[in-house]
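Structures for review follow.
Two complexes are shown next, each including chain A; its partner changes from chain B in the first to chain C in the second.
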Partner chain A sequence: MTKISFPIMGDYHIPANYLLKNVLNAEIISPPMVTAKTIEIGSKYSPEFVCTPFKYTLGTMIESIEKGADTLIQMGGGCRYGYYAELQEKILKDLGYDIKLINLVTKGKTSIKRIYRLIKQIDPKFSKLKAIYYGFITIKMVKYMDNIDEYIRENIGFEIEEGSFEYLKEKCLRDFSKVKNYKELKKLYKKYIKQFTKIQIHKPDNCLKIGIIGELYTIMEPFSNYFLEKELAKNKLEIKRFTNVNYLLFEKRKTIKHYLKYAGEYIKYQMGADAADNIARTKYLCEEGYDGIIHIKSAFCTPEIGAMGVINKIANQYEIPVLFFSFDANTSETGVKTRLEAFYDMLEMRKRK
Partner chain B sequence: MKDCYLGVDIGSISTKGVIIDDDNNIIAKEYIWTEGNPVNAVRKLIKILKDNLPQNHQIKGIGTTGSARKLIGLMLKANIVKNEITAHAVGTLTYYPNVRTILEIGGQDSKIILIKNGIITNYAMNTLCAAGTGSFLSSQAKRLGLKPEEFGKYALKSKNPVKIAARCTVFAESDLVHKAQVGYPKEDIIAGLCKSVVLNYLNNVGKGKKIEAPIIFQGGVSKNEGVVKYFKEVLNEDIIVDENSHLMGAIGIAVLARKNKIGKTYSLKLEDITFDTKATECNRCANNCELLKIYRNNELVDSWGSKCGKF
Partner chain C sequence: MDKIGIPRSIFYYYYGDIWKSFFDYLKIPYIISPNTNKEIMNIGLKYGGDEMCLALKTYIGHCAYLKDKCNYLLIPRIDNYGLENQTCTNFLSTYDIVNNIFDTKILNYNINLDNKETLKKGLIKIGTELGKPKHEINKAYKYAINKYKEKRKREITINTNKLNSKKIKILLVSHPYNTYDDLIGKEIIKYLEKENIEVIFSDKFDEKITNKLSEKLSKELYFKYSKENIGSIVYSKDKIDGIIFLSAFPCGPDSLVNELVMRKINTPYINLVLDDTSSFTGTETRLESFIDMLKGGLND
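Our next item is the complex of A and B:
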């Protein structure tokens, strides 16, 4: 039987696992969590100046192969991400791993026909109907997870009992991964939303609000941003983040047109990946009265480098401070903490005046 | 008894300490090399400060800042431990309430702090690269057979600074060697080096930041006249260098210690306190975190370094 795996990112391995488990007649090798070893392996076999997510995903792929996987899934996007799959397949083959890599996006497009053919090779009994049904549940699951995360981000800094949000989220994800049908998922979601809103918080009306923007992988995989959100939440502030899988897969197509119009004085066309989105979001955060913006990216992320200049300009106009982070495989954690602490001090001083 | 407050700034290269009173007067100050051992440096520093402290004074607050702030904060039982960016800004604002821009170059980091109406509006600190900071200048001084203190004076002699590729410290050094080997005079090379520090700083941390006067330059490198000269030349503005510019971080944290005092009186007797750290590698998961356990008088006071937060 085929042993299938995929690169890990944030908590999204849970819906991915769920989908694969239910539609494919194959063994699913759940990718191991990202650790220091992942990035060590990834960096070792990657070109030095490639963007850091390449290194992370290559690292998880190798770790999954060592756990027994023989088929891997990779996607692509509107920047260098579009070449990840081909290059990673070549690197893995050169290393002597006999694997098959399923690339869901080629030449910037997802061809359902091509993917169907590839899947049929793995699982001849593959049923389209089942895929549509479970695909729908998975999409909903991602949406629910992102909604819950949004609520957590707004409130976790103010929890009275430390760890109560994290504990409930873990429990919620565990339950999500076991649902049998859509009705059950919806019921669970409603139940957990209720429980989340019941968690006691102490949130002042004029609390500090921070927006996090930047490159998608670094934003969504907490290990790769040195647990930035967790670190920020210790400081009693509200966090707004736009990028999540639900946005990238379903909302981006509509929103981007609106974004380009909204920030028309700064951008006229897309610059690849989420660069244009982030410029528009900067304007939004400035206008909505956020106290500060944190822009994070992996080192060598070209679209975001292009966006940084414009973001700086907008922030200067509105006099809102922006903190830029570039995360590499060897960023010092202490350095990140020092800068965050200073940023928080600064925002608080500004607010008090 | 008069109340006073101790601020200690433990940097990568040097350790600074000041004692101030309620009116921001400096009662005692000292600047020594860290020499890779913050604990010993602080012991030495505190001893000197204690000897300089007049009889009728008592310490009512202690603050630590700089890269070893957490460790030394535990050692001195400080009532406040803050990052160096905040400390530098607070220190400078105490003496220069109208300042708009603070340029700071230390041993391994360089930062820029923008201020408007007495509050920080933005700041940047070097990431990924430390080219053109104090430790580079001091290592180049050594290679040219000069003391770091003399370096700046030498630079002022030059009329024609050479161009040095200063994007990367290692390449800057090879460029420097090359310029020396083809026969450029020493002072021109030194002046070129000072200028490259300025250009690198403005292109790196100063990028996209609006630098407005009054400008204050501080940190260890501000004691280098050559660098000050080229900042003036490139920015075309007057640059203020305070006589205590290298102590601003320590002064700032002393001010913060005063603002956050808890009514306790501190003793500066460190001789009978033992302070040890033990490093172990945790092998419970693939992160292999380096755990550090801190012992004060053989009693575990803190441990840090774990990613999961369990240890």
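Our next item is the complex of A and C:
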């Protein structure tokens, strides 16, 4: 039987696992969590100045293969991410791993027909109907998870009993991964939303609010930003983040037109990946009275490098502080923490004035 | 009359000839920034972002040089020639980046064949904005394209003929804005020619052929200019002695494409990645030993 795996990103391996488990007649090897070791392995075999997600995903792939996977899935994006798979496959084969790599995007396009053909090779009994049914549930699951995350981000800094949000979220995800049908998922979602809102918090009206923007992989994979959000929450901040899978898959297409109009005095075109989105979000955060902005990206992320100058310009005009983080394989946790603390202290001082 | 400033960088090396004939025909005055020099590069470093690629920094330097010497800067945006032929994301964002740095007015058009936005439409837009009548613009476009095609054909013939040369032949795989830039590629070419090497250029082949041939090295590639670069390797691999990969640090497409190709080819190669701190002395040493190796190989 085929043993299938995929690169990890945040909590999204849970819906991905769910979909594959229910749709494919194959063994699913859950990808291991990204650790310092993963990054070390990934960097060792990656080209020197490739962007960091390449190194992370390559590292995960190697670890999955060592766990027994023989078929890997890679995704695409609006930049060079879409071209990762071909080189990663070559690197893995040169290393002597006999694997198959399924790239969901090829030549800049997603072809359902091609993906269908590839899946048929793995599982000849694959049924389209089943895929559509479970695909629908998975999409809803992602949306529910993103909604819950948004609520958590706004409130986790103010929980009275430390760890209560995290504990409930873990329980929620565990239950989500076991649902049998959509009805059950919806019921669970409603139940958990209620429980989340019941968690006791102490949130002052004038708490500091910051927005996190940046490159999509780094922003969604907790290890690559060193639990940045958690660190922020410790300092009692309310966090707004825009990018999640639901946005990328379903909202971006509509929203980007609105974004370009909204930030029309700064940008006319899309700049690749989420760069233009982040420029518009900067303006939004400034207009909405946020106290500060944190921009995070992986090293060498070309679209975001282009956007950074514009983001800085907008923030200067509105006099809102921005903190830029560029993560690579050598970024030290302590360095990130120190810079965050200094940033937080500055925001506090500004607020008191 | 309004004067147009053309930065001698990135887009210039693809469209410069067309622009020049187009504006000449319409009698629109223009100024082209000089070859890249240390001064231009340094202004580019000042205004550009730290992590931008060397070519983009240089481009910004050229814009800074021109901004007070013209009424408009000419900065196109090249998105794609169809979804299988996209460009680096810097080609998408240069217009907006420059527009946010300088106050100068910018003439801009967008090429996005996936959305039926062609070069012709772009130049008509530019002509109209400069107040020229439609029929004149159409004539100017035809004139410019024909002249460009003739020149391009000549260049392709010369370059292809070099493959039959008796000298040691090296294929220089590089984007034209690096190859022909004074601070990036020119010194390398000069050095190779001095050493009696036949230098063959990856961008001077029939792009229809090289684009298709690239599939032999990379099936999933969707960057137009990278495809043409590696297609030239497939086209000429039996006739050349060595390959030099030349990139500007940290080029996004090259970081992946060149790595893949280097893992697949059997021809001897070196990989030169230049940034603003590179000195030619270091490059020279590497070129020297590469050529020695090639010469040694020939004597075997």
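In this section, the second predicted complex is superposed on the first by the 353 of 353 C-alpha atoms of A that agree within 3 Å, B and C clash if a C-alpha of one lies under 4 Å from a C-alpha of the other, contacts with A are read in each partner's own complex, and residues count from 1 in each chain.
In this text, a residue touches a chain if its C-beta (ideal position, glycine included) is under 8 Å from a C-beta of that chain, and two chains touch if they have at least 3 such contacts.
Keep in mind that this is a model prediction, so the values were computed, not measured.
If you put the two complexes together on chain A, you find that chain B and chain C both fit without a clash.
Of the two partner chains, chain B is the only one touched by A:G335; chain C is not.
Once the two complexes are laid over each other on the shared chain, residue contacts for A:V50 go to chain C alone; chain B is not touched.
In the superposition on chain A, A:Q270 contacts chain C only, with no contact to chain B.
Between the C-alpha centres of chain B and chain C, as seen from that of chain A in the superposed arrangement, lies an angle of 80 degrees, given as a multiple of 10.
Applying the stated contact rule after C-alpha superposition, one finds that A:S326 touches each of chain B and chain C.
Once chain A of one complex is fitted onto chain A of the other, the partner contacts of A:D94 are limited to chain C, with no touch recorded for chain B. By the document's definition of touching, of the two partners only chain C reaches A:Y84; chain B does not.
In the superposition on chain A, contact of A:G309 is made with both chain B and chain C.
By the touch criterion defined above, A:D205 lies against neither chain B nor chain C after alignment on the C-alpha atoms of chain A. Ranked by how many residues of chain A each touches, chain B and chain C are led by C. Our summary of the superposed model lists a minimum C-alpha distance of 6 Å between chain B and chain C. Where the contact sets of chain A with chain B and with chain C meet, they give residues 299, 308-309, 313, 326.
Every residue of chain B that touches chain A in the complex is listed here, in rising order: 67, 82-86, 116-125, 127-128, 208, 210, 285-289, 307.
Chain A makes touch with chain C in their complex at residues 47-51, 54, 78-80, 82-87, 90-91, 94, 103, 106-109, 266-273, 275-276, 299-300, 302-303, 305-310, 313, 326.
By the touch criterion given at the top, residues 32, 35-38, 227, 299, 308-309, 312-313, 315-316, 319, 321-322, 324-326, 328, 331, 334-335, 338-339, 341-343, 345-346, 349-350, 353 of chain A touch chain B in their complex.
Contact residues of chain C toward chain A in the complex are 48-49, 51-53, 56, 77, 79-80, 83-84, 86, 88-90, 92-97, 99-101, 108, 110, 218-223, 249-253, 255-257, 259-260, 263-264, 273.
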